[in-house]
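See structure below.
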Amino acid sequence: MGGEALPTVAAATHATGDGAIAGVRWALARDLKLAFRSRAELGVQLLFYVIVVTLFPLATTPERNLLSTMGPGVLWVAALLASLLSLPRLFATDHADGTLEQIALSPYALEALVSGKILAHWLTTGLPVVLLAPLLGQQYYMEGESLTVLTTGLLIGTPILSLLGAIGAALTLGLRGGGGLLALLILPLYVPVLIFGAGAVDAVRAGLGATANLSLLGAGLALAVVGAPFAAAAAVRIALD
Amino acid sequence: MAFNWFKLSSPASFYPVAGALIPWFAIGAAILAAIGLWLGFGVAPTDFQQGEVYRIIFIHVPSAWLSMFLYVVMAFWGALALGFGTRLSGMMAQAIAPTGALMTFIALWTGSLWGRPTWGTYWAWDARMTSELILLFLYLGIIALRQAIGDPRRADRACAVLSIVGVVNIPIIYFSVKWWNTLHQGASVKLTGSSMETTMLAGMLVMSFAFWFYSIAAVLARLRAIVLERERDAAWVAGLPEVRAAAGGPG
Amino acid sequence: MLEAQNLAARRGYAELFRNLDFRVASGSALVVTGPNGTGKTTLLRMLAGLSAPSDGEIRWNGRPVAPFSPELRSVVAYAGHLPALKDELTTEENLIALVELSGARANAGEIDSALDSVALSRRRSLHARVLSAGQRRRIGLARLILSRRPLWILDEPVTALDAAGAALLARLVHDHLDRGGIAVAATHQSLGLEPSRVQSLVLGETVPA
């Protein structure tokens, strides 16, 4: 005994590659399991999305052309709201029960663990929105190419919402003003996604083709996939400090 | 004599330097503004398409440029605060946000005043105005986040992350006009040449410098207040004449 | 060997402590005591690598470590105030999740014997939601058993444990030190360790002017 150096337990992450995938897998599996066990809560959030979309025609007009013009916008805004509503689930519960600290202290890269959580969030929040879009779009007399472009846009855009939302959720951990502050922080980042997503459908209707808008969305997704896990992980460490 | 920039990197050393610089920039801003307004409202000719109303660009364009420029500078200081943990960097970012928000607001307000007679509406959801509005919300979000976080160190770092993430918006604003055919003119001031009348151009450039000098003066003044607030427990602060005068006052 | 030199901590504008120095050799424990609010939890979180000190340095085996450094993350087992359990997962699932999070493979036999050591075998399939506070703490003890980490940072580890649980904790720490591990604990209850292995650090005595 005395002052000799202790043998350091070899980290499980020998190569960064192994460690990253394992980290993503741990977080994805755990969060999906947790989501499945509280699937009632998930159901409620999805129901909220459906209700918002269904309320608009009742409150505005049943007139076909007007509804058809409004459709993409309404579905996109509803998707945004659904995302905002579900974001606290991403980090706040883990923060409240002490799990987030354990996650941050794991030998797996925090960026990988965060990516796994974001993926689980999208699978349980964004993907259902995408799958419901063709159905709900018909309420707005959308069909054919419009509907395809809308759904494709949502497919590319909802992951961006989860990725950017994670940054906001991590930055606002434990702060007063909770949901409102979170919305204020992320909406400026969400708006371009909304504009390009809804704009793609408008472009197709105007005969211009959706390629430009969808490509920009795709570029946004690429940027978010690369950058958001780092930003969100940094934000988590800042919140735990 | 090599000037040691690092000496300036502590709040204590920079405080007096900032104080000395403010009058120069304030006076400079006033002089430049006077010249710029004279050029813009007095000398530059009437635009044959838009009449006299166009003159508002002498305020609108400089404030828009500053709103974007200040954001990038704020993000830069934020990055320094994040990377090196220096308190002064965080304070600089904190000082810039309100002035940046003000510039953005002026740009939006003058833009909408211009829009009314020109396009018939106070607001149009065109690319540049929308993205400038997003920029305003980004500034407000950063200010709100700072207010919500009690610990100054965590606030510095959280706001830095948010500013850096929002930097993506700047190229979007700048290039938005190319990507849409919208109400805004295409960029008529390019770096190599210009398609605008010379006096108009001169007026805009002078006003831009005026706004820039004003921003520097305002930011430095705010920075001094922030330094006093955040370093209030430090010995050097207690020794300042202005602090002793305030403390020695009533009560 | 865990060392701290000239450590200081601030929360917002308040300074909690300053000029903290200590050295803990392998096989010994550091027990941190002091009134509430003197920074015990803050100190422990710094040693675990969650928080940066406002001044000073922490060294592991002679090398300085920064918050969240990979090296610290592979040697620390941190048990904070909260037991880090998910209500919706069972005892066993929680334990496996925590063990896998720390990078280890959870061998079924080892899980069984760990649950046995903390007397939770019969509760292994219960959701954590229905467990008592003491039982939740014991899952944390099971995690420590399986952690194989040289540095244990324990914040009020005896909370909610009954006499048997506290005795188990003391035994675990004792065995850990025997294996050459280091333990840092904030607690006012005795862990029953030989005084020769224990250093004491009392916060709040050196409150800065």
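We call the chains A, B and C, going by the order they appear; numbering starts again at 1 in every chain.
Rule of thumb we're sticking to: a residue touches a chain if its C-beta (ideal position, glycine included) is under 8 Å from a C-beta of that chain, and two chains touch if they have at least 3 such contacts.
Predicted model only: the values in this text are computed from it and were never measured.
A count of C-beta contacts for the chain pairs B-C and A-C puts A-C on top.
Taking the mean of each chain's C-alpha atoms as its centre, the chain lying closest to the overall protein C-alpha centroid is A. Of all chains, the one whose CA centroid is most distant from that of subunit C is B.
Separating the CA-averaged centres of subunit A and subunit B is a span of 32 Å.
Subunit B and subunit C, compared by their mean Cα positions, are separated by 48 Å.
Centre-to-centre separation between subunit A and subunit C, using Cα means, comes to 34 Å. For subunit A, residues touching at least two other chains, in rising order: 241. Each of residues 153 in subunit B touches at least two other chains. Only residues 82, 130-131, 134-135, 137-138, 140-141, 144-145, 148-149, 153-154, 157-158, 161-162, 164-166, 168-169, 172, 179 of subunit B touch subunit A when the two sit together in their complex.
Touching subunit C in their complex are the following residues of subunit A: 1-13, 26, 30, 33-34, 37-38, 97-99, 101-108, 110, 237, 240-241. Considering their complex, residues 150-153, 232-233 of subunit B touch subunit C. On subunit C, the positions that touch subunit A within their shared complex are 1, 25-28, 48-52, 61-62, 67-68, 70-71, 73-76, 78, 80-89, 93, 97-98, 100-104, 148-151, 180-182. Residues of subunit A that touch subunit B in their complex: 164, 167, 171-172, 175-177, 181, 184-185, 187-189, 191-192, 195, 212, 216, 223, 227, 231, 234-235, 238-239, 241.
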